[in-house]
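Both of the next two complexes hold subunit A, though its partner changes from subunit B to subunit C.
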Partner chain A sequence: MSSPPLLEVDRLVMHYVTEKGEVSAVEDVSFSLKKGEALGLVGESGCGKTSIAMSLLRLQADNAVFKSGEIRLNGENLLALPEDEMRRHRWKDIAMVFQGAMNAWNPVYRVGDQIREALDLHFRPRLSDAEVTERISRLFEMVGLNPAMANRYPHEFSGGMRQRAIIAMALSCDPSIIIADEPTTALDVIVQDQILQELKKIQEELGMAIIYISHDIAVIAEVTDTIGIMYAGKLVELGPTVEVFARPKHPYAYLLLSSTPSVTGPRRKLAPLEGEPPNLLNPPTGCRFHPRCPYATERCSIDEPPMEVVGDGHQVACWNWQEVPVTISQEARP
Partner chain B sequence: MSEPLVKVDQLTKLFPVSRGMFRRPVDFIHAVDGVSFEIAPGESLGLVGESGCGKTTTGRLLVKLMEPTSGQILMQDEGSLIDVAHIGSDDLRRFRRRVQMIFQDPYESMNPRRTVFETVSEPLAVQNIGSLREREDRVAQMLQLVGLTPPNTFLFRYPHELSGGQRQRVAIARALVLDPSFVVADEPTSMLDVSIRISIMELMLELADAFDVSYLYITHDLAVARYMCDRIAVMYLGKIVELGDTEEVLSNPLHPYTRALLSAVPVPDPTYRKPEVEIKGGITKAINPPSECRFIERCPWATDICHASEHPPLEDKGAGHFVACHLVDKGAG
Partner chain C sequence: MTRYVVRRLAQMVLLFVVFLTVTWFLLYALPGDIVKQKFATNPNIPPEARQVAIERLGLDKPVLIQFRDYMINFFQLDFGLSFNQYPRKVSDIIAERLPRTIVLFLTALVSYYYAGFLAGKYLAWRRGKRGEMVVTIGGVGLYTVFYPWFALMAIWLFAAELGWLPISKFLNPDEWRNAPFTANQVFIRLFMTVLAVSVFMAAVVLLANRIRDHRPRTFAKLGGVALGVVLFIWYWWGTAGGALMRPYAGDIAEHLILPVAVLTAVNFAGIMLLTRSSMLETMREDFILTARAKGLSERAVRDRHAARTALLPVTTSLVLAVATVIDGGILTETVFSWPGMGEVLVTSVSNEDIPLALASFSFIGIMALVGHFLVDILYGVLDPRIRVGG
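Presenting the complex of A and B:
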């Protein structure tokens, strides 16, 4: 083994309690993150990505319940910590750039002052005023903003600039992990590309670990070393990004990749996936993908497939992964 | 190209921007600014570009949900081209039969208090087509075609009882129930999940063949446009800057904006090394834009010629590959 994991999510089960019953949003999910690693979590809307992100920071909704499992940061189980101790880790160790964060700036304060406040609260040892100012300037430069913008109000920033400033805020306390939940989803592709490239550069330079969360598998392909594919609250495949894209093993991963259009390569025929993802109030028995799975056998509707190691760092949860074609069909679109 | 089905000439839509409540508008957003293109019968033209570049406005003008500030839209009708701005009430009814729109948000086209049957049959009712019985049959047939089967289990459902994908299928059934020849589809799959997106795209391709319709397919996603469209038009701040066969434009982009857009698109292949995007900053609003090239502020190539001239015309640079740029030579296409 190389370096020990920085973060370990170990058999995490998290449900939401609602009037209609329990929503099984995160079901027996395990993965780990090494120092400097870029991990991507990909899956459709409602599959539990944000629930995992929020759990890692212990910022889950009020009706969320951790049923079992642990989240360990440097070996310490975060789920067992009292709130005031958890607060020490937020921003300082784990920071977050979340979906729509660019709209979360308080409109009546200057952007720089809002970052200053975070630094005052979380950065230890405390910095002097001059040090804070200098640090904010450096952060702005790092994310491609003119440091003078720190004295401006949020409405003077474009959407892309506001999201860059959020990244500056997330970086402000030197976290060892950044969680980026759909960091660029609301942005146009040119701005998205600029921000992703910037984040990637900073992450590599500072040796931070990062968890990218996206519904867009192409975004994950560009920026991660490791990819986890989620379906209906379950992690169904986990492995090196290059390997999973070249040889997806889980039927859902295979079909997802077979149905992703691209502007490069030949114009392939895309294979549609039948049906729709299930309601997690009442997920299918056995393998949660079985009602939509072309490879399903009788066993799939009864027994839940465990994660099985299929290659170096590559795991898959499917009874019939050996039936899945080895590579994606390259048949051209007629 | 055969006789066009739709011919758009110098289409322009300006929106006044009022400053303060009682002031007269002095500024204008040039949402669509001198746009010209043609669509052949059965052809699907993609309209791509960043948010706010004028895609939806163009679509709304074409289906007459909005009147242009200037310019002309001609639509083929029984062999002749009619001027959409000046159609009389009889012709207008026929126009509404032949031209439909599918919206990004299926809620926009589905009244929450109407059943699937009411929604899909409404165009038949407005056009006074068929008896109730015949309408029921027709709607059932349409539901079958769009994959909502068995139809009788969907007829009396309300929008909230449908998933996003199913709602979009209803919107497609409604758009095609009058057997139109032209449909504007405004980001019909961008709010859907990836696993559902492809089945809706496939459905739209199948139905385009079956019903012999042409699409103006609006999308901000170049990979989707590539899958759906015969030709694509790239828009920037109210102007079409490049237009041509889809594969030609994507493999040989000539306008600096198209090149930037294309190199920014994420590619679902972790081994692919993309070229660097040459332009900086984000798109701005087209309020009283400069008379020079609309792209001049962000253009990495801009020279004295660009600063000294008007916005370049959209010119054929060879084999029907149109580009609006002073620096792209003829014969490059």
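Presenting the complex of A and C:
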């Protein structure tokens, strides 16, 4: 806890305004990220992971409104910046590997030129032609691509190669943070794993912070230091990955972990997660998990549980976290 | 790319031969024959003369021989003599009319595509704003209007009432009485200078696109376009040859304004709506998000990423536009009394001037094929996926 946070998300509330009403996609979410830290955000589809990622770059959909809260990068509130200043932070400070990055390349320009576009935008003084070529070659080598490929068009790349090139582009301006939103879901499992491992290696080498986003907790467990579990627009548990895996405190986290095959240990058997995630147009009162929660009490449907510190850097938002059994194997992580 | 071009060219030639064959047999199958029509109604012509004419025209030979002879002659660029303007060569008539049609429709096509693309970009940009409604309703209104009526109204208003523009025809005969040039020389010169300047501008813009820095790139593009305009002005005003021809070229240009303006008004809305929907679709693509995330300005995202990619379907529609030039061409040339290919086609068919009709059909076919081919090439240049796949 020595270095000051690089990024702080402070009680962020973001809604989508639709004809049917407001979708409460991000509700009172707080977390912070230190230099070089790897944070994972996990949750079911539709729980607001991408909404948070987009908010960090201020690329939220047109119908999104920030109700309250701040996003501070090195202490500066990004939500208060004028658009052109925000633009200077994009990619230079926070780069992103998108969900479904297969189509993240413009088909009509060469891959190298698309990377160069970012370099031209953010480097002052501008890099010379030779420096640009040199830099792109180095990035390509780093992600395991032949540097000559930079002169090719995106359609000449396979899915995995495209994704590697996207990672190269994300690294191009030496960002302090990379957001990887389901960076590999469109790829086959083997390629997925390779790319994740390489990304982790590069991230550790270069010492930048990364936010991994996935609905698959097993994927995230291997590559993160800290993990945040989201449910229906809320962050319900946040803590060191080892700790959360070993002793999940939130009933949702507990059920989620028990319904997922363990990464290393034997498959955990417990009550499966039943029911559907709620409609965020009209989320449940009190604790949003209460309709599905086996530990719910009367209070849960009335009062919203606040985040409570339950250990070193470990927080949980649940009234009855002490009821959750501590049964999961102590060495869930190697 | 070369392979792609060669293959398209080969396809084109083959298609043309098929087209010519079908047209030939269709016209052959037309009821009535020229000799009867021209000779039988005139009692002063002796029957022997009729027989001579039939033999000289080769009409007594079997169909397939006639067809073979026609094809051989055609590819030696001998299209025969016109029945109606006998003994004028069909090739002369075509050579006279074709440039007029090409100049008119190329100008109109460029004009309404450009207007439509800009308007469409504007619409996608201002989605949900009031300007969008006005432009859409205006454009679609013009698009659905009954075209000949609209053209006549335009002639009535701008030519007859206001007197701003000439009423019809492609030149003013009074001014050409002692002209040292034929209209066609002027047409071709006009066409060539515009073509040269356009090619120059396109080359400069393409080269400028390689410049990495935004400012110098924009500067080079604008500079190239400005230089093109200067070169054009210099030719027509600064050189002796250009200055001598200029009044005549000006007369033709003046006659071009109204039909081009009417064609643009009526046609741009189609391109506009296409561009708009193509832009809106492109704006939803993932790569637009990437472009934004990189920190590009909204303007750069739209112009460099969205508009550039949205151009592809718009280019495809050019193929269809080339086809509509042909049927729309007949209407336009009739309404504006523009003596081009459309007019030749109509009169030659109704007069059963078979050689002229055949050649007109063929050249309209060639125009369509060449147009199609050029669009394909353009598409290949714009879309790298096609280029390599070829």
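By our rule, the second predicted complex is superposed on the first by the 317 of 334 C-alpha atoms of A that agree within 3 Å, B and C clash if a C-alpha of one lies under 4 Å from a C-alpha of the other, contacts with A are read in each partner's own complex, and residues count from 1 in each chain.
Rule of thumb we're sticking to: a contact is a pair of C-beta atoms (placed from the backbone, for glycine too) under 8 Å apart; a residue touches a chain by one contact, two chains touch by 3 or more.
Quick caveat, the model's predicted, so the values are computed rather than measured.
Annotation: superposed three-chain arrangement on subunit A; subunit B versus subunit C shows no clash, the two fitting side by side. Put simply, the three-chain overlay gives an angle of 80° at subunit A, taking C-alpha centres for subunit B and subunit C and rounding to the nearest 10.
Of the two partner chains placed by the overlay, only subunit B lies in contact with A:Gln194; subunit C stays clear of it.
Of the two partner chains placed by superposition, A:Phe123 touches none, neither subunit B nor subunit C.
When the two complexes are overlaid on their common chain A, residue A:Tyr153 makes contact with subunit C while staying clear of subunit B. In the superposition on chain A, A:Ala95 contacts subunit C only, with no contact to subunit B. Of the two partner chains placed by the overlay, only subunit C lies in contact with A:Asn103; subunit B stays clear of it.
Judged by the touch definition given at the top, the superposed model places A:Arg87 against subunit C, while subunit B stays out of reach. In the superposed model, A:Phe66 makes contact with neither subunit B nor subunit C.
When the two complexes are laid on top of each other via chain A, the two nearest Cα atoms from subunit B and subunit C are 10 angstrom apart.
Residue overlap on subunit A between its contacts with subunit B in one complex and with subunit C in the other: absent. Per the touch definition, subunit A reaches subunit C in the complex via residues 57, 59, 84, 87-92, 95-96, 98, 100-108, 110, 114, 116-118, 120-122, 126, 129, 132, 153, 155-156, 166. Residues 44-45, 158-160, 188-194, 196, 215-219, 221-222, 224, 241-242, 245-246, 255-257, 259-265, 267, 270-274, 276-277, 333 of subunit A are the ones touching subunit B in the complex.
For subunit B in complex with subunit A, the residues that touch the partner chain are 50-51, 163, 165, 193-199, 201-202, 220, 222-224, 226-227, 247, 250, 260-272, 274, 277, 279-280, 282-283. If you check the complex, the residues on subunit C that touch subunit A are 212-214, 285-287, 289-297, 305, 308-309, 312, 382-385, 388.
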